[in-house]
């Protein structure tokens, strides 16, 4: 894998689904994520990368999953299994604490929150691609949840749309080592131009 | 132009931008739209079509323009002239009356409001295409504002994406007869399979 | 996983990348695919599903990968690792036998071949979604190559775009059991509404 | 309208549908286009802009309409009126002179020809957006045919996708002054950041 160099004005941090339901004690899915997330120091790493990006003056984008609202799916003729699961759990319920970003990931002024995505990819049926283009971005540094669903989907779509992707492998997590492995070792290497640690990316962007 | 027949389960009404700022006395753009809209009986016709669609059991979708929020455009490197205009006027300002749908167009339970569009097409960078697919829709009956911008753009995109479009020509309006003419007589006939009056479409869907 | 029922006029078979380079003796990647493909009886199963689909009168679509042509990538600033690999191997070289579909998968009159895809998803940057819509299709039965790249990508995109997907698990193959497992057992179950055998899908569609 | 400045590495020339059927004596549609095209010196201007772009080292992209092939539309359930017209005329028939680019617009090595578009927008259901991103392009200079269909559609889509557009108003043509006016004076000003003459754009890009 070639070493990627970043140009500050072309590079953005993309934070995927930093919801309390995923990564905060008491969140609906935290118990399922906890083992991998803690082994990976996922949340502290996400915070480190975010802080380094802000300090380096990189533009920060958020790709938030759809937050559950009553009536969302009742009328759909076609629905994917992952959406049926989200529906039954009311994950990221709108108006609840679980449907808010964990405190450290509160977007700051001039950071961009894309429209909510309905399935897994932050790009599908949202304005993420438009917002990145409006800001002249071509290089994406990706952190967030969950490795084999929304993160992998967003990385795949980014590559399909022409973006150069860097995946931060210890700033993500999953329900199991197997799913983490499928995402980070089997699939993402085909689509991300670099797969790095938090330590490595913080060094790279701190020197921009 | 061939006569279009509708299948109830494949057909939806698509209502574009029925905001107070456009079509209510006191709205930011009403004074510019008023002459054409009143000559056309645009608002009463829109209401008639909506009521007929509901009565016939057609699915109803709304394609709402982005509502202005502070900070929306300040960071954009690239912006289209129509967005600069929207920005300067703060059209459809979020949290204000002008940014609400006119009362008659309040979505009912089980009607679908797509994500807000940033430019003119209700499809671009939104979930409108997804929502139509989820509901099995292929035939669109289009009403709303403004003929040569959001309406024409949405009709063009719909055709490019494979939908069959019917435009209701007296349930739209524009700033001038010239712009109305450019949309309804010059451009939309290339992309809409039928261009009909309110009277005609109400008859067609009432018999479904 | 709920049992899926198919409506003939809404259902299509989607055949992904049935190139000689993948699935014919002498193809550039056959040696890497052979073990899994033969254990799975991948090619005979693909043929069985195709024949059953044709016999049942289902519409058939093909999603072909870009065939290599000189000059394709030399000017690109951004390129995904999987594209660099394709480039270096000149996979599916245009005008060569490897870049042709294996004989059994020669499209028949009235079968649709989508535009070539540049990365992995048959939907990205092609007319596949349009062609499916033009033909009124909502349910996709997916066969072809390779499980964890083009097949998984196409299944993921299909779900994101609102299609209902059935994956035929013994009518695909991969370079290794691990990659096959990552696709079929870890990821595709989130996006495909059914994962079935050739025997099962042939029964289902034969009774349509 | 603000003055646009171009950065060479961000800017591309986009040439739309320079087919013999449109702009060569003997082409299927030349007789309908001739009056406006000649009054506008459309073809000589297109050549001037192309030459200036090449001399300035700008990247050149082509957005070609689908070339007619037998069987294209017979199976479609949904089809737009403009496609029915193309079908009946067999415009840009594949393998014929009318379906080739006029000689002066033969793409050179390292110029990019996007996938063929089925309706009017060069972006819809093609790889044009991907190819522009792969090459880091954000600013488009647009020339070609026909003003109120493919050109306007491509300009509208470009703006919706986040590109900054410059329209060269005397390097396009149309069937009538009315249609030309609808495109260039009514609609394109909302989506193109600049509308310029050939003389103006040649000066701008010659100084890059």
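So that you can tell them apart, the chains are marked A, B, C and D in the order they are listed, and the count of residues begins at 1 in each.
Quick note on the criterion: a residue touches a chain if its C-beta (ideal position, glycine included) is under 8 Å from a C-beta of that chain, and two chains touch if they have at least 3 such contacts.
All of these numbers come straight from a predicted model, not from anything done at the bench.
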Each chain counted as touching subunit A and subunit C at once: B, D
Per Cα centroids, the chain farthest from subunit A: D
Pair exhibiting more inter-chain C-beta contacts, B-C or A-B: A-B
Shared interface numbering between subunit D and subunit C [over half = same, under half = different]: same
For subunit B paired with subunit D, centre-to-centre distance based on mean C-alpha positions, whole Å: 28
Centre-to-centre distance between subunit B and subunit A (centres being mean Cα positions), rounded to whole Å: 33
Distance from subunit C to subunit B - Cα centre to Cα centre, in angstrom: 37
Contacts with two or more other chains, residues of subunit A listed in rising order: 77-78, 118, 124-125, 129-130, 133-134, 136, 138, 160-163
Of all residues in subunit B, those that touch subunit C in their complex: 129-134, 136, 138, 160-163
Of subunit B, residues touching subunit D in the complex: 1, 77-78, 80-82, 118-121, 124-125, 138, 148-149, 152-153, 156-157, 159-165, 178-179, 181-182, 186-187, 189-193
Touch list for subunit A against partner subunit B, complex: 59, 71, 74-79, 109-110, 112, 115-116, 118, 124-127, 129-130, 133-136
